Amino acid sequence: MCAIIGIYNNSESSTLAYMGLYAQQHRGQEGAGIVAANGISLSRHMGEGLVSEVFSDGEIFKGLKGNMAIGHTRYSTTGNSDAKNVGPLMFNLEDTEISIAHNGNLVNIDHVRKKLHRAGSLFQTATDTELIIHLLAREVGGTISERLSKALNSVQGAYSLLVITPNEMIVARDPRGIRPLCMGKLNDSYIFASETCALDLLGATYIREVNPGEMIVLNGGSIKSFQFTESLTPKHCIFEYIYFSRPDSKIFSENVDKIRRKFGKNLADESPAPTADIVLSVPDSSNTCALGYSSRSNIKYEIGLIRNHYVGRTFIFPDQRLRDLSVRLKFNTVKGVLEGREVVVVDDSIVRGTTLRKLAKLLKESGVEKIHVRISSPPVKNPCFYGMNFPTHGELVANNNEVDEIRNIIEVDSLSYMSLDALLNSVDQPDHYCTACFSGDYPLPIQGEE
Amino acid sequence: MCAIIGIYNNSESSTLAYMGLYAQQHRGQEGAGIVAANGISLSRHMGEGLVSEVFSDGEIFKGLKGNMAIGHTRYSTTGNSDAKNVGPLMFNLEDTEISIAHNGNLVNIDHVRKKLHRAGSLFQTATDTELIIHLLAREVGGTISERLSKALNSVQGAYSLLVITPNEMIVARDPRGIRPLCMGKLNDSYIFASETCALDLLGATYIREVNPGEMIVLNGGSIKSFQFTESLTPKHCIFEYIYFSRPDSKIFSENVDKIRRKFGKNLADESPAPTADIVLSVPDSSNTCALGYSSRSNIKYEIGLIRNHYVGRTFIFPDQRLRDLSVRLKFNTVKGVLEGREVVVVDDSIVRGTTLRKLAKLLKESGVEKIHVRISSPPVKNPCFYGMNFPTHGELVANNNEVDEIRNIIEVDSLSYMSLDALLNSVDQPDHYCTACFSGDYPLPIQGEE
Amino acid sequence: MCAIIGIYNNSESSTLAYMGLYAQQHRGQEGAGIVAANGISLSRHMGEGLVSEVFSDGEIFKGLKGNMAIGHTRYSTTGNSDAKNVGPLMFNLEDTEISIAHNGNLVNIDHVRKKLHRAGSLFQTATDTELIIHLLAREVGGTISERLSKALNSVQGAYSLLVITPNEMIVARDPRGIRPLCMGKLNDSYIFASETCALDLLGATYIREVNPGEMIVLNGGSIKSFQFTESLTPKHCIFEYIYFSRPDSKIFSENVDKIRRKFGKNLADESPAPTADIVLSVPDSSNTCALGYSSRSNIKYEIGLIRNHYVGRTFIFPDQRLRDLSVRLKFNTVKGVLEGREVVVVDDSIVRGTTLRKLAKLLKESGVEKIHVRISSPPVKNPCFYGMNFPTHGELVANNNEVDEIRNIIEVDSLSYMSLDALLNSVDQPDHYCTACFSGDYPLPIQGEE
Amino acid sequence: MCAIIGIYNNSESSTLAYMGLYAQQHRGQEGAGIVAANGISLSRHMGEGLVSEVFSDGEIFKGLKGNMAIGHTRYSTTGNSDAKNVGPLMFNLEDTEISIAHNGNLVNIDHVRKKLHRAGSLFQTATDTELIIHLLAREVGGTISERLSKALNSVQGAYSLLVITPNEMIVARDPRGIRPLCMGKLNDSYIFASETCALDLLGATYIREVNPGEMIVLNGGSIKSFQFTESLTPKHCIFEYIYFSRPDSKIFSENVDKIRRKFGKNLADESPAPTADIVLSVPDSSNTCALGYSSRSNIKYEIGLIRNHYVGRTFIFPDQRLRDLSVRLKFNTVKGVLEGREVVVVDDSIVRGTTLRKLAKLLKESGVEKIHVRISSPPVKNPCFYGMNFPTHGELVANNNEVDEIRNIIEVDSLSYMSLDALLNSVDQPDHYCTACFSGDYPLPIQGEE
């Protein structure tokens, strides 16, 4: 997962891009980068780490002058945290520089990549993002946006894209609208961002979602929009609501906070825990949902787990023995709240189950009598090929075990998942969402598993 | 404010000290340091920044070998963030190295410092901590603990102290017990820490508070305790409950979380807001108190403000214009929760009032109709000379303004502070606490203001 | 100018490559990099600065395992010190990784680059080196060495090349042999280096030059050599003798030291300075030549100028006023040697003339009575397109001025250059050398000037 | 060994101090620091490494404002390279800050240190320099210069000192003048430096040596000088001529270059090598001496050894096997010069003998037939207690072996040292020099050996 930000027509474009990345830091902590365009050339600064670490010095922005900028933060994915893959990619086309920031994942690209390789294309990175620019480079003639349009029509997958050349910005979103992308305005500037929280921080006004299959071309002060590909039923990633997005964002035209509250209420209806004394959330992603559960069930919401916000990238575990303390480093338990209580623990999802098992152990060591786990999503049984970093089938605990077996593995007294029906019942247009990770019903056909 | 940690009799003493500092990171983010003792000499590593930044490399611990270690984190204070003042101080006594970690502040030391200067003592730092070792150095004859005892009897103030030489650890606390200091056990090792959350992380068992006026001497595998000074009525810092300590800690023999909940309930009783729709906390320090307020008042607790945990030390504000966004960078508002609502905002204290004023503005911009601010402490009218970093009289908004004027300044619809009676009513032994910042009733006489 | 090093069949290949770069540090101080091949994949470490700075930590070599390695140091060139251009370049071919280290410059490549751009090739860097790999990538079928051979046959210029894939090393040199490249053996390992001083440091035995137009392919323990292109009369860069190479190296099958001594003698014959008291060299490059001049002319060699070896890359000139001290920072004068003397100053060449002018001023301030400058090369009138970093015509002082005018500019009492005849007379096969910078007689046609 | 620099009455004092340290870099590469005085307070910047590394950023000088500055570089000594010991030391006296830069070593200070410890003085460092300030601090009453004078009269040893407070600079030199210290003028500013090469770089005029036993006090624009202690026969360190000082400096009122040339001539007279073909120096310290030997003996001076100036502090030897290459990394041999030759190798001194042994081996491997080593000093048989970093008796090869045994150890064909008579015969006032390292005749009594 990643965040992207684009600023068009603002003399402080790179500074605003920085703020926009900062607001979206939760979508990617591995690295960040910004590319600015000054009409003649592009300049880039990028690095590994948090946005505030990569851009730790105001001097950096002196090297990022121009009226347009795009930015990118990168999420930690397994095995491939190469510095080259961080930040907007940059290339030399025949007569111009070009840069691209991408959220999402292309699918079924092996044969495309192979074809390009055979035709003599040299790849800088292992990213699918680079593929798009290679395809664009091989389209002869036409404007950059025409060439990009052709390139995108020859691939499939999830993509919210920002492309800039020294004097043009192009915005595009895949025909299913799998990843979010919104558009805002700040005086005479246009802002594009993965989540609206970036607009809020910048004081920009939300205009609308970039539509699935839409391309927006901004240059010379003008803005033009068209459908670069046929319109299909949207398949937004419902997991953005469950876990990924910030609760104060509006995603796919809905308030995340509102949806999460509904999740909590539906979960309370479906899976009550009438004997429980208190409702706990696994902070911070489940807070809103836990409040919904509490309010519907009339079981008191309490703060029994506190997330330690100093657990940073930089933390090192001095030795193996201490590595077992990982969950204790991440969460503090409030014994006064927990001792002798029967608790509902609301969490958003279970992937491998290891963290939840350790957390349950920690709760019991802190005096909890009984633990009822309530998960605000159905069992995650299938990997995501569209940008969410789930592991393979084999590592997904729900792919290999029934709910009762999982309850045994994580050693709690009861465990309920939200049903797919209740999940879809929480949103306005259920058929507009991709639920492949739960249902296996992939909107785009997938060939083989990574 | 600072945190201290001491580990006695453990072959991984410096690693454990690191974990103990890490758990107490909230007590000081400016710098951190650890001194280890190996029977023959001391070794130190220290630096500016977070514990995880200063100890970012496992190799560091190879240079910190020994069975004893003390650690210190330093809180940001105005104007004096000199690297020399970070971490345990180290000195060469005649026949040994000595190191000291100190939480608290000595008072009325100007004449002592002057006397030492005139007698030819050379100071490395501007700290009061160094004074203690100079006094010790000038005590002729006797053991280190006897000399430390004499030195401490010639000063006044707040001090929770850990002192080590290559083969001895000495623990001491001022006769009023102003700052916290507790003692735990992990197998055959003794642990001393400012807060019990450090014991919890290490898996150590809580034994007891170090008593006011107590000195504990650990060497050669033995542990001896005695009162090095007369016993006085304790005057614990009540502000540790209000704001500073972690809710999952036990401080002054009480659970912080429990006290904060009582604060919330007492505040709801004293200062109801019957027309409000929801209760909000200013996260994270006021969460527990807000839950108490909600539960007593039967007004629903909601999460309408989210703290952005990526606001780090390293964040830079590119220009003045963006500096006005500081509160927006720190807090996100959840519009779905706030729009059209009349809200109670529970906060722990008001110092200058500037942050709260900006926050109120932000809430209104996010659609809040009416704001009732409820503060879980009385007005802070006086500076603290015992280790809390309050500004001078002139900058304390409550020193210069009546409550109604403050309400005007921060532009909210109602404002109530908790009364001193209600505050003291929340703890078991009201006369055991220092309330000087509210009442001006300083337990130790203060000469002049900084 | 750059240095390259290749190590084949040695379990410590990257360490040896490091030593080999270290020995050749004088050929490029801007950056350095090493790529190691382990049979399956390539790994790279590179950075800006001196070899010892880039490889400052033994841990680095743990990430560079394998039986083969190539290395590269980069010389400071104007305006293009991009980190991307440092060190061996790396690319993903269809089914393998490939890396290339290159000393020299291709010429007349604009149309090739344009053709590749139009065919959709995306360039990572602005280097001519990358072009070679793009051409290789577009050659369909055949082995890597066959494809490289075809690629090289479609370009012109100076190139001493080392290419590796995970299990193969390929060595190639342009048909004119413009830049040096030699081959040595260390037990069962083959070593390739720009200069023999790298072999000496490694304790390797010199075998021979890599021949102009020769390609050597090493894989599976075997070594094969063939001419990949027709054999032409060599045109070695004679400036390697004059300035660039280390005096203890053997270059183009000749000892640099021996040639430089001949330069000095020929210069003394052509341009005596009979009234001079002493001969000085501009250290360090002119030392040997000055000794030759002294021995032939029977004028005493003295050390009157000492180079300050602490002037590093990192030195900064605090303000403009001090910038005028640059030559004083670089050279110390020994007044006892200089006062009241009439001196011959032997220098290797004059490019812009600014340093020599400042140096002459410094010598006079130190008491020198008369200065006779003797240059061990003809006037540099033309830029080099084959890898030497001379400025454009306009900046070359000898392109715009007669010798007597230059004498006036640098303010000395007499100035003589070595004649082209005397220069060529110093080497065994005069027609085997490129003298274009003096004569304008370019062995490869040049289209336009940079 | 160290260098010191002091700048009085110049608005760019810290920049000039930097240049002055830079010029004296050869006297200490381990660390550097500068303290500036602005009339009210002192500021300091210091660090480990070369001057250009420690002061790598012009911004540093913005923090070093004021009309006075002192600087210090530190030489690498065994076992005690603590960052605390680098640069001018700083202390808080009663009513002022004070800083001190010191070249030389105090002797017989154990009992003074013990007395101070017993009286309660706390030491920051293990340096003898700190002792001086402790003694000063304990002198009651009087000006800083009076107190410093009393402090210095209670110790013995070698000291060239620069002391500053916010508004005063004090310069002092021990009564024997063991280490050099000179005084210069640059417009209205006074400059004090260890060697005159610092004056030369700054463009300052040399005035005179600071006299042994002299104290100079500069404040309020005035300069006063007096003898703070009795005048004794000077005992300048003759080793400064032999090895330490730069040849272009004037030291103890003599040109180093001139003295070294005499050394070479005297050595040629005493120890000819009539069958030798060429004279080589071990660069760079022996160059001048070797020229003297060559000129007197009429044996040709040749450059057969080239020092590799890239061997920096930062170089790391990847493994033990390569450590044996250390001398090869340091020196390159020019085979064309060496092959088949019988050579005189002129070196300045032999301490342990290990480097010379490796060098001789390297020369033979490069084809040298016979090696005659000529040393421009007598055998070093005794440690120096006055600031030169010789090892203990046990490690000095000449303390344990006769000349012929040493010849065997270093494996050369002949070996001669210069006699003490010839050494003293090279200087004007032989009784004004300390020769203790050769003769064991210590001008200040030494108790015990370190």
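First chain written, first letter: the chains are A, B, C and D, and each begins at residue 1.
Note that in this section a contact is a pair of C-beta atoms (placed from the backbone, for glycine too) under 8 Å apart; a residue touches a chain by one contact, two chains touch by 3 or more.
Keep in mind it's a predicted model, so treat the numbers as computed, not measured.
Common partners of subunit B and subunit D, by the touch rule above, are absent.
Taking each chain's centre as the average of its CA atoms, subunit C and subunit D sit 37 Å apart. Centre-to-centre separation between subunit A and subunit D, using Cα means, comes to 62 Å. As a whole-number value, the distance joining the C-alpha centres of subunit B and subunit C reads 62 Å.
For subunit B, no residue reaches two or more other chains under the stated contact definition. Interchain contacts close the chains into one ring where each touches exactly two others, per the touch definition above.
Every pair of chains that touch is listed here: A-B, A-C, B-D, C-D.
Only residues 12, 15, 18-19, 22, 25-26, 50-53, 55-58, 61, 197, 200-201, 203, 246-248, 255, 257-258, 261, 284, 287-288, 291, 295, 300-303, 306, 308-312, 314-316, 318-319, 322, 325, 328-329, 332-337 of subunit D touch subunit C when the two sit together in their complex. Against subunit D, in their complex, subunit B makes its touches with residues 91-95, 114, 117-124, 126, 133-134, 137-140.
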